[in-house]
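The following pair of complexes shares a single chain, chain A, combined with chain B in the former and chain C in the latter.
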Partner chain A sequence: MRDFLELIVSVGEAGSIYSLVALAYLVALRPTGVFNFGLGEWAGLGAFVGITFVVTLGLPYILALFPIIAIMAMVGYAAERLTVRPLIERDAPTLTPVLALLGVLVMTHEAIVFFFGTSNQYAPSPLGDGIVALGPFVGATQSFLIIAVTGGLFLGAWYFFERTVWGRAFEAVALDRFAAGVVGINLRITSALAFAASGAIAGLAGLLQSPLTSASYLMGLPLAIKGFSALVVGGMGRVEGAYFGGILLALLEKLVLRYAPIPAGFAIGVPLALLILFLLLRPNGLLPARTVR
Partner chain B sequence: MRGRVVLAWLCGAGLLVAATFFLDDYTADMFRKLLLTTTLVLSFNFLFGIAGQLAFSHVAFYGIGAYAIVIFAHQLGWPLPLAFLAAAGCGFILSLAVAVPSLRLEGFYLGLASLAFAQLFTVVTSQGGELTGASEGISGFASPVILGVRFSGQNYLFAVIGLFLATLAILLAVDRSYFGRACRAIRDNPQPAAAMGINVARTKIIVFVMTSVLAVVAGMFYAYSDNYVNPFVFNLDYMFLLFFMVVIGGTGRHIGAVLGSAVLFLLPEILGGAVGKRHLFFYGLFVVMAILFWREGLAGIVDWLKLRLKKAAPEFRAAAPAEFSLRSSRAVGGDATLDPKQPILSVRGLSKRFGGLLAVDGVDFDLYPGEILGVIGPNGAGKTTIFNMLAGAFAPSSGSAKLLGQELMGRAPHEIAASGVMRTYQHNRPFAGLTVVDNVMVGAHCRFLSHGRVGTKRQRVEADVRAEALQILDFVGLGHLANAEIRRLSFGQGRLLEVARALIGHPRVIMFDEPAAGLTPGELDKLGEIIRWISRQGIAILLIEHDMHFLFPLADRAIVLNFGRKIADGVPKAISADPQVIDAYLGMAVQQEAGVA
Partner chain C sequence: MRRNLLTAALSVLCLAAAPLQDAAAQDAIRIGVITDRTGNAAEFARIEEQGLELALKEINAKGGILGRKIQLLYEDDEDKPALSATKARKLSSAGVPIIIQLSSSTSTQQAEAATLETKTPHIGANQSADTLVTKLDNPYFFLAGMPGSIQFKTLIAYTQQRYKTAAIFTDTSAIAMFIAKTFRAGLEKSGVKIVAYEIIETGATDAVPQVQRIRQAKPDVVIDAGNLISESATFYRTYRQLGLTYPVIASYNKSIPRYLQLVPGLLNGVAFLDCFDQEKPETKAFIEKFKAEFKAEPFSLAGYGYNALWLVKDAMERAGSTDREKIRAALEGTKEFPSVLGAKGTVFSFSAKQRAGFPDKGAVIRLIENNQHGRAVFSGY
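Now for the complex of A and B:
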């Protein structure tokens, strides 16, 4: 029983991180149609920027959050402004901005190695490294923080996309860029905001994960893969899909790790297996987009 | 011509072989690694540059080849030919497993699946225990001996040169066939490619498997480069390097793949310590810059040199007289055996619902051989939706459409095209990366499938189709632009290209979606002539048109749609007098004018 309760906490924590990365993909994908494979590296960057402000500069965590989020949003904005937008406005094939972002991916990765090195770095948790018990659930305080922050962010994202004019505008741009422009939606601001938000969310995912695993220059790729697997599993049409996809992926991964007699690294096969299974059987994911009304 | 090609290949091979005699140990090592990388870049260029597939698994398949041959031939001790086949078989099955789920769907799914696959490969090899040697890799196995020759040192270099030339020859042969044209067409514009009879998903899967197996074979050669395989050679850094080599070289160009690979491979050697080990950062920067400002890449320099040194292939050719010869009219014509009294296409109760909107509501009509049937109605009446259903692009909500008694609904677009129903689009949808004549030839894709997939038969069909494409281009008045790039065409010329592309498919039915929109008066007359000529060949024509001055004199009959329903069906004169039609669409003024016309 205790085993099971611990499992629930670790699934909630890992699943939250995956769903955050999935959300970061989704936010940028919706209005631009561009899939940014470099998001994992941005998550890694978020972790290291966090260490820079909290450990190196010694800022209190709450204060450090502002520059961290701002820098990650700037990274996203700059990528959109300098690579994606010029290509979209030139009517280049969709593949071209995706390709340019691969260049950005490699640049981000190399910059992380250059500035922060290749050794793992300890990242402190804002709530300390203790273990707490919340009712029957026992886990690291950071785990509970991750679950709470992610839950809050998803509620906010859901409200934004479903209930606000700006959120509907994102949706409209995703459906038909040209028509959305005609009815007065500012395409430039929408795309720029989307990429800035995407960078901030990805950076937050890395920042939240780093106290549990420590920050590493290699942390980006697994996060990228798990994030998009969660996105496909959940369905790209809806925000809630990203959340449930992340949780389902984490659940399967933890079960395999616990019960299957394979080396721990092989668990990276779980997202691939799940991805292929969903592409074959349910390509629209758990929660398909609502049909046009 | 053929002799010159053979001579060129012999010269190239001779040069590469001769080079091996002037190398010391270090440069020989560089040379074979460069050749292996270039081989890999060539096949990746086909996958990514020519077929437009975003995949991250190419290096992983290279690694699978290397590991598989070592495991089968040395760990398990199988005879070399058997190990070779087993390794290639592994590559074949694994590439199918990645491609089939992800390529049936449109989008970036292949990118996702192949990235996860590549990561899994790294993990499996570095944690695979004794079988893969874990992170230490496998080393110390002997070079193979085939027919008494040991493949090490210079002999190995010869083998790698052979691999490079063979890969290049295979890729060139495939690229210069209808299949390569189909790949580029899918890359540029998948929907019209399907409407020309190309099975998009199947073609994509074949390309992925073919190039992945080529990577597997190259990997087998790599294994004997240092007689050492380890997981870190086949990592994502190398994969990104391949992307960068293709883009810097010039995406989709074979010469670009060779140049890009050579330049990016040798640059760190030349610069030495100047950029240190982190040269990938600068490569990433170069690539972003190249995508933004230098799309033609290194291949563009070659084109420029060619243009300066000698006259490149002329873009414009002298137009032949715009008369169709008897030979080609026979080739284009519909079936003379068809009974003109029997409908060739019967549509019954065709409906399409989008959510709450009934876009097409129970439409019936018949179309007879050689008939020109106008389809008119206000915007949003469902005209193009009917075309999309008949072409298989949308599945109907209900209803049927029979071509000579055979049901079309429920079939895929390429199957419908193959059965003889071709279409044009409301907005020009050319294949931007192909020349004008190649655009037209894509329309004849089905003829290769039925008459000449391989060998001399294919070459004969290719020659026939090219000759016919040129004739059709002359006929529609684009003959002088046959070798031009698509961006040179005016809007009206692009409309006529769509007509030519549909015509070469030897259709029984052609659906024209507003072919006259945006044409100059001269082009309009030309188009009218062309459509009349097509109908005289016995081909049935469905014609959506808003310009009644153009349509009414041309059409034998017209149907009128309003809010998805057919409200009238008859000869143009009767239609233009129908009060319901006037009310819904024509208005008074047009009625009077058209009545006169």
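Now for the complex of A and C:
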């Protein structure tokens, strides 16, 4: 039983990180239809920017959060303004902005190497490196922080998209970009805000993960893959889908690695094989996107 | 007026001195260095170069080699094997009498083809692949790094003498998988039973499933064959978080202080392999000189650069010439060279049949104490 409870905390922590990256994908994808595979690098950048403010400049974590999130939002905004928007306005094929964003991925990666180097860097946890017990659940303080922050953020995102006019505007653009423009929704602002939010969420994912793993210039790619997998599994249209997709992916990973009676090398690939099987049964993921009502 | 005269006099002096300086620079012996400043291992290259620069300063302060100052001619192979041979050829064409290489084993293997072709003496300062002296019959190449075979023999002897069962932890990098596989084969052959074999996936945020399986297997000892820094940090966090207290024996990778900074305090008690014995007088003196020069504590990588340049000096002075063939012969004749590397009481030697000079019983097992690389507790096998 002790093992299982420890594993649940681990699933919550890893699943939350995957969910955050999936949400970052989703927020930019819905109004623009563009996949930004550079999000993993943005997560890595968020971790290093965090270390700069918290360790190098010595700002208290809570104060450092504002500039970190602002910088990451600006990175997202700049990517949209300089690559996505000009291409969409020129009626470029759907894949063209995706390719342009792959260029942004490479540039972000190289910028991380240039400014922060190839050495892993220690990232402190805002609550310290201790262990905490919440009832029968025991885990690192950072794990519980990740679970709590992610839960709060998803609740906020759900409220925004489901209950606010701006959220409805995002949804309308996602459903029919042309019609949304006709009824007066500002497509430029919607897309720019979506990418800014996407950058901020990705940066937050990296910031939250780094105390567990350290910050590394190589941390982006696994995050991009796991987040994208969570997005596809959850269904590419709903905030809740991104969350449950991440949790399901982490659950499969941890259960297989812990209990499957197969050699360790094979166990790593099994969760993804199971996900392929899952998608064959539910091609639209856990929670399919809404259609026009 | 006086000021003008002074300026004029200084100008004349400078003009007169310039050709002398040029002559001194032209007269200097240029040693070729292939390093990997811009690749994945750039952080480590800098430390090795510092060791090289310290040796350069000391040698030049003592009059250089054969009465001539020495200079280092650097080429960066970016840790890309495809570039390495080109860089070796470039240095050979520049007329260097010898090349010191500070990049990876795979890059060095490629450079070896070029040094064999151009008949340029070539020292692999820091590599560990035994194949560097077996794959290619290159009498111009000499390995000064700690060979993997010696590392494994030492680690396996240390484990086998103390424990009956072991769990192995590794990651998905090629080097880590190789280390884990070699460990497994060696330990099983020596009678140690492997009760768990766990791999942490790239990008994992924790290692809870793997550490739980180790806990369930109840090993006498855990062998850390990990190589990726983030994944190793994650493993140790989880290991301590789940309260495991089995002793841990780690490969040479844990001789890099970066781990101590990433998971402060969590590696205390870990035994790791190293080629640096702080009790050896030569090493002790090197550590003090390095600290005075760079205001930082050196670790074994710095010793590689330092060791290589002093090996060059020793060989060239015995050769009495900068002739490549004579230097090669002198290197081959290196006997009982007192290196900063290797356990206390061990020395470097090369021969025609033994082109890996690291002392056979020179690897040491050290403990991490108070979040620092501490004393050596075992050497040889």
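Rule of thumb we're sticking to: the second predicted complex is superposed on the first by the 274 of 293 C-alpha atoms of A that agree within 3 Å, B and C clash if a C-alpha of one lies under 4 Å from a C-alpha of the other, contacts with A are read in each partner's own complex, and residues count from 1 in each chain.
Just so we're on the same page, a contact is a pair of C-beta atoms (placed from the backbone, for glycine too) under 8 Å apart; a residue touches a chain by one contact, two chains touch by 3 or more.
All values reported here derive from a predicted model rather than from experimental measurement.
**Student:** Could you say whether A:Lys254 touches chain B, chain C, both of them, or neither, answering first, second, both or neither?
**Tutor:** A:Lys254 contacts chain C only, not chain B.
**Student:** In the overlay, answer first, second, both or neither for which of chain B and chain C A:Glu6 touches.
**Tutor:** A:Glu6 contacts chain C only, not chain B.
**Student:** Touching A:Pro60, do we find chain B (first), chain C (second), both, or neither?
**Tutor:** Neither partner.
**Student:** If we overlay the two complexes on their shared chain A, which of chain B and chain C does A:Pro263 touch? Say first, second, both or neither.
**Tutor:** A:Pro263 contacts both chain B and chain C.
**Student:** On the A-aligned overlay, A:Met107 touches which partner chain: chain B = first, chain C = second, or both, or neither?
**Tutor:** Once the two structures are laid over each other on A, A:Met107 reaches chain B alone.
**Student:** Which partner does A:Leu99 reach: the first (chain B), the second (chain C), both, or neither?
**Tutor:** Once the two structures are laid over each other on A, A:Leu99 reaches chain B alone.
**Student:** Between chain B (first) and chain C (second), which, if any, makes contact with A:Phe37: first, second, both or neither?
**Tutor:** first
**Student:** Could you tell me if A:Gly139 is touching chain B, chain C, both of them or neither one (first, second, both, neither)?
**Tutor:** The answer is second: A:Gly139 touches chain C but not chain B.
**Student:** When the two structures are overlaid on chain A, which partner does A:Pro222 contact: first (chain B), second (chain C), both, or neither?
**Tutor:** A:Pro222: touches chain B and chain C.
**Student:** Would you mind listing the overlap between the chain B footprint and the chain C footprint on chain A?
**Tutor:** In chain A, positions 221-222, 225, 263, 265, 268 sit in both the chain B and chain C interfaces.
**Student:** Would you mind writing out the residues of chain A in touch with chain C in their complex?
**Tutor:** Its residues touching chain C are 3, 6-7, 9-10, 13-14, 17, 117-122, 129, 131, 139-140, 143, 209, 212-214, 216, 218-219, 221-223, 225-226, 253-254, 257-258, 263-265, 267-268.
**Student:** Can you list the chain A residues touching chain B in their complex?
**Tutor:** 35, 37, 82-83, 86-87, 93, 95-96, 98-100, 102-107, 109-111, 113-114, 221-222, 224-225, 228-229, 232, 263, 265-266, 268-269, 271-272, 275-276, 279-280, 283, 291-293
**Student:** Quick check on the complex: what are the chain C residues that touch chain A?
**Tutor:** 40-43, 172, 197-199, 201-206, 208-210, 212-213, 216, 229-231, 233-234, 237, 241-242, 258, 261-264
**Student:** Note which residues of chain B are touching chain A in the complex, please.
**Tutor:** Within the complex, chain B touches chain A at residues 52, 54, 97-98, 101-102, 104-105, 108-109, 111-113, 115-117, 119-120, 123-124, 126-127, 129, 188, 236, 240, 243-244, 247, 278, 280-281, 283-285, 287-288, 291-292, 354-356.
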